[in-house]
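Quick heads-up: structures coming right below.
Each of the two complexes below includes chain A, the first together with chain B, the second together with chain C.
Then we have the complex of A and B:
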């Protein structure tokens, strides 16, 4: 706070956050804010946001000052590198060779922007591994995971369907590869997702049906993507 | 001091055919608990055509009459006094019998624009749930028949709770899970839009220009379910400027309304956005 005093308030709403909607996610005052902090002149205050707390969330921030003529501030949104150092990113279609020392899991992260089914595969050159996929880099492993695969026959494979309720767009998933035995392992980790495209021809009516599912954790998010000669159009339908 | 509203709902109850028109009067009587002066009801000032603090007469036998005593008037009359009463008078107009229902709302459970509220003083227990009730009145079209309105009533909660929203319009009745005009019963948060464009007005033969009393019911499983109820104006929400911040961004660069508040000598060149 460069001058004056302020109250900063935070609220959120998102794909899987049913507790709020776009109206209630606007932090009007501290009574409907998820978190708030008072900041005095010359001081800095921060609201930490856990990375795995919300799927594709919009965070709404309000800075309330009593007198705008006597208030000046700077607000910054930044990644907390100390709390959560970034794991290297696994890119769709680009395999990564990993050396997994026994007792030392190796982590990667990936994000997808299409709801097509996808495949995560670890081809084991030496040793044996368990592959865990979760939402929290710090905790992903045997105690906290969404999907798990074990290498059998030299391959650990995870095939995730588009209808899997744990699969979301624009969400970072964290992969933890752990050597099963005392022996180190050498693997080739790859992520494969074939994006499907429906073409809409000119002068031809195309009909799409939206199946609005009950909001019970089933599919909430549908996406149609189609490409014309000139443009690419995406519809995200909530 | 809580806020109050008196609703006279002209509805045919005791007769047949067209209902007679009615007129609503209101007086505020102070010191009704003062044994020395004021507690004798025979000495109270009962409203008449000649002597009323407020009166409402739409001239239409299908429109409700609504009086909302203003806070300032209530404070002027009642503050520091020993009890205060709203004395309501109803006069039938014309030869036909006038039937009506009279509802009084009083308390701190009035919904106000952009004022989140977390609890109600009006709770009713039903067989397997509770209803917390709130109210407000829409007077935009009553003040100007050409005016439009677009409000949104929303309820939010915290994880794993599931409040639902029910609304009654015009009648002043308290909505239930089986008797309501609008409802939103999704998992988690709920929201109901009440706008002048709703087909419901025409379907029910209602005219929002008569004034709309809205009673909101929040259905909760148990009394301790946390929720926040909010009345928003979609026009205000649409007019609100929201700046997008990506990770790594800093503000202010330039603030909305900066032109009015920018000072060249301020450390970062820009002042804060005025709080609403």
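Then we have the complex of A and C:
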């Protein structure tokens, strides 16, 4: 706070904040703020937001000062990188060859920007592996995972549908590959996702609507139909 | 191939309630037709050249959204990839939106292009990834097109969305003369200086 004093308030609305909307997520005062901090002149205060606290969230910040004529401040929103070394990133369509020593899991992470179904595949050259996918780099493994695949016939494969409730847009997922036996393993790990694209011809109306067999009002509502993540982004080319 | 100048108008009609789109675009150029549209580089919320509809508060209650920008291409195949994020801001129980979209692209003269460029503000507003894009895309797209593509952003009500955003305010002082704040070709919405977020307003 450069001059004066202020109260900074934070609220959010996201996929799982079903009771919140853009109006109610605008903090009026501390009573409807998710968190708030008082900042005095010359001081700096911060509100940390955990990356895994919600999915597809929009945050609303309000800075309230008592006298605008005597207030000056600087506000910053920044991404705080993980304290621990990050796992190498697995890129869609780019296979990675991994050597998995027995008892020493190998970790990778990936993030997806579309909600199309995807396939994680480990082609095993030697040995046998279990593949775990979770949300926490530190704990992903047999005790903490969302999806698991074991190599059978030389391939460990995870095919995740777009409707999977655990699949979220723009979320880091962590892969842990573990050798099953005492023997080391050599694998080729690949992530495949084919993006759905709609071409928009020039000067032509294009309508994008739900594709469903029965078109009733009730089916539109999430309580009755969509228990999974909604389609949030559509890709076009023109 | 000589440069081709064009104006693009994107019109979106809301077909389901409380649908508020945010558009992110990238311009691409190719000498030959790309084999797969899905393999093209697409923009995302953190990696784009142009953004439209970035300020949700300016869009609420509207049902029709129109955005216009001009551009230039020196490649035989000029394409835009677009990611359309379908926001409802929690204002409806519907989890999937429906909309109608139309893109009108018309060739314009260089004189028209230049006059619109001169009418726009001199300060481009782009995403945080602009520097990376400029480094990665020179073979794909001339720098002038990148500059021009940022003009489209200024024609909307959008504020820049950056990963490491910083805003500094100062005590309110008497307003500067209007002529110092705006350029004549900008809309009323885009004439507002960035500091209009205010010292006590929500962000």
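The definition used in the following text is that the second predicted complex is superposed on the first by the 171 of 238 C-alpha atoms of A that agree within 3 Å, B and C clash if a C-alpha of one lies under 4 Å from a C-alpha of the other, contacts with A are read in each partner's own complex, and residues count from 1 in each chain.
Here is the rule we use: a contact is a pair of C-beta atoms (placed from the backbone, for glycine too) under 8 Å apart; a residue touches a chain by one contact, two chains touch by 3 or more.
Remember, predicted model here, so these are calculated numbers, not experimental data.
In the superposition on chain A, A:3 contacts both chain B and chain C. Touch criterion met: A:196 reaches chain C, while chain B stays clear of it.
By the touch criterion defined above, A:109 lies against neither chain B nor chain C after alignment on the C-alpha atoms of chain A. When the two structures are aligned on the shared chain, A:148 is found in touch with neither chain B nor chain C. With both complexes superposed, C is the one of chain B and chain C in contact with more chain A residues.
In the superposed pair of complexes, A:29 makes contact with chain B only, with no contact to chain C. In the superposition on chain A, A:166 makes contact with neither chain B nor chain C. Once the two complexes are laid over each other on the shared chain, residue contacts for A:21 go to chain B and to chain C alike. Within the superposed three-chain model, A:73 lies in touch with chain B and with chain C [touch as defined at top].
By the touch criterion stated above, A:65 is placed in contact with chain B and with chain C alike. The intersection of chain A residues touching chain B with those touching chain C, taken from the two complexes, comprises 2-3, 13, 17-18, 20-21, 23-26, 60-61, 63-65, 68-69, 71-79.
Put simply, chain B touches chain A in their complex at residues 114-116, 118, 152, 154-159, 161, 186-191, 228, 230, 232, 237, 240, 242, 245-252, 257, 261, 266-268, 270-275. Put simply, chain C touches chain A in their complex at residues 8, 15-16, 37-38, 40, 42, 44-45, 56-57, 60, 79-86, 89-91, 93-96, 98-105, 163-172, 198-203. Contact residues of chain A toward chain C in the complex are 2-3, 13, 17-18, 20-27, 58, 60-65, 68-79, 113-114, 170, 194-197, 199-200, 202-210, 220-223, 226, 230-238.
Residues 2-4, 6, 13, 17-21, 23-26, 28-29, 31-32, 60-61, 63-66, 68-69, 71-79, 215-216 of chain A are the ones that touch chain B when the two sit in their complex.
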